[in-house]
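Letters A, B, C and D mark the chains as written, and numbering starts fresh at 1 in each.
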Amino acid sequence: MASQFEPRDPDFKARVAQSFAQQSIMQTIGASLLDVIPGQVEIELPFDQRLTQQDGFIHAGVSATIMDSACGYAALSLMPENARVLSIEFKINLLAPAAGDRFVAVGKVIKPGRSVFVAEAQLFASSRDSRKLVATMGATLMAVIADD
Amino acid sequence: MASQFEPRDPDFKARVAQSFAQQSIMQTIGASLLDVIPGQVEIELPFDQRLTQQDGFIHAGVSATIMDSACGYAALSLMPENARVLSIEFKINLLAPAAGDRFVAVGKVIKPGRSVFVAEAQLFASSRDSRKLVATMGATLMAVIADD
Amino acid sequence: MASQFEPRDPDFKARVAQSFAQQSIMQTIGASLLDVIPGQVEIELPFDQRLTQQDGFIHAGVSATIMDSACGYAALSLMPENARVLSIEFKINLLAPAAGDRFVAVGKVIKPGRSVFVAEAQLFASSRDSRKLVATMGATLMAVIADD
Amino acid sequence: MASQFEPRDPDFKARVAQSFAQQSIMQTIGASLLDVIPGQVEIELPFDQRLTQQDGFIHAGVSATIMDSACGYAALSLMPENARVLSIEFKINLLAPAAGDRFVAVGKVIKPGRSVFVAEAQLFASSRDSRKLVATMGATLMAVIADD
């Protein structure tokens, strides 16, 4: 994949991967980092019955968890080396039940800024023979600079 | 606590508790149902290092998980016996890091409807000597009637 | 433009145009209907100093006005003949000041439903030699059937 | 009304009033500033047929316009003298048709910050003998410091 963005830190991939590895929740739910390009990050989650709501689908909050991290790391990939990323807010629209064998959250920066970043995520549910958009997110993230 | 709402199903408490018990994710993260009155539900989550993001705070998606369920069950408590509840969308504002020993999500219906319910949730973080509002949510829920 | 959606009412264009003509606010702000295809509607607004906020840009609420109508009519274009459309909620992210000579809101349905529709809108600001994305919206709409 | 906030600029009222007077859109729709206390602002709008959607109610975007300004000025009332306020995002839930003789948007800061403020607004519709909550908003605002 090509990216429209120029990263400010050439080591953005390693920095995102390192931070992702520190998110204990990702191991707890079984999520992994699929792909990182400047301004875009994909996170994968296999179906797990331990993550379900009352009807046996993945809980909307679990969907939000990987979509929020996908947005946050998409933003972090464009930030300078000494920056941390903080979610300010996000909104999720649930389009269909999160049913499937495997889920991929694709987070993309749509507006980078000095301190405020806007990102969007899509959540796709896959099973053997189909791939379906099941949720969308709009998020605002903030760059917190270490020296601040 | 008193409620401004009249439940349509006198067994709303049992119905909410039963559905909550079927949300595997609640056991996975260690959340429990604290209180259910018509149109208002509280869910408690003790701090757990397994649920954290890169800075050691509870991940925003985990906060969203218990706030979404608090909103959903607040709505379900006002629905007729044969209804299921579905989240259509929610938005969360993260006011402060989710740091503390214990978290309580309070979900309240602000507008019940025939099929569409609007609810709000607040997330409080408590430690030995303080209680702090750390996130707010606005959510839209839908009543799905079994016979539909 | 081609559409991925099949309209249920062959007269969807006339129906959208008629409803748009009944929105007095559109005449008050000077907005006009540009284009209607199944599931997608464009609304245009020329810059007008009467619509500005304190810095001379178009007020975010005015941007929201045409984006909300673009989403609503994108949804209405896919509804049956006897349906009315109602906005349940929308969220707008303001990416850049709404500065320019002319603004176009493009609303698209991303998930049609029996009663609930999810749509997104983008707002572009144009001046002589540039076109810029200045805001995005995510919206939930409802079909209200006359016989209900 | 008492406020829980201490303003940083003793002239916050005059500063809010001056900025409000520069929002041409407020005169265009007929809105006026009702009340300003630290962290809370009320804006009033009489019903006007020129502001309606297809069913004769106030258009959701017009509701959003006064709610966004109420949130923005609630935030500005707590900012230092050299700061300007910018809306980053807002979300509105429409609880009931905006029908009535007169509308009041009440905006309140729920979390002030150095640069990011979170605010909420409620919109009440009044007619001779009733007052009804018709919409709620959650908004994120930013302080832009002149010397930046």
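Throughout what follows, contacts are C-beta pairs under 8 Å (C-beta built on N, C-alpha and C of every residue); 3 or more make two chains touch, one makes a residue touch a chain.
Predicted model, so just to flag it, every value in this text is computed and none were measured.
Asks: Please report the minimal path length, in steps, between chain B and chain D on the chain touch graph.
Replies: Minimum step count, chain B to chain D: 1.
Asks: Fit chain A onto chain C over the CA trace and report the rotation angle, somewhere between 0 and 180 degrees, nearest 5.
Replies: For the C-alpha superposition of chain A onto chain C, the angle is 180 degrees.
Asks: Rounded to a whole Å, what is the gap between the Cα centroids of chain A and chain C?
Replies: 28
Asks: So what's the Cα centroid distance for chain A and chain B, whole Å?
Replies: 23
Asks: Return the distance between the CA-based centres of chain B and chain C, expressed in whole Å.
Replies: Here chain B and chain C have centroids separated by 32 Å.
Asks: Mind pulling the residue numbers of chain B that touch at least two other chains?
Replies: Residues 88-89, 91, 93, 118, 138, 140.
Asks: Any idea which chain A residues touch chain C in the complex?
Replies: Interface residues on chain A, with respect to chain C: 91, 93, 95-96, 110-111, 118, 120, 133, 136, 138, 140.
Asks: Report the residues of chain B in contact with chain A in the complex, numbered from low to high.
Replies: Residues in contact with chain A: 19-20, 22-25, 27-28, 49-55, 59-62, 64-69, 84, 86-94.
Asks: Over in the complex, which chain A residues touch chain D? Could you list them?
Replies: 88-89, 91, 115-116, 118, 138, 140, 142
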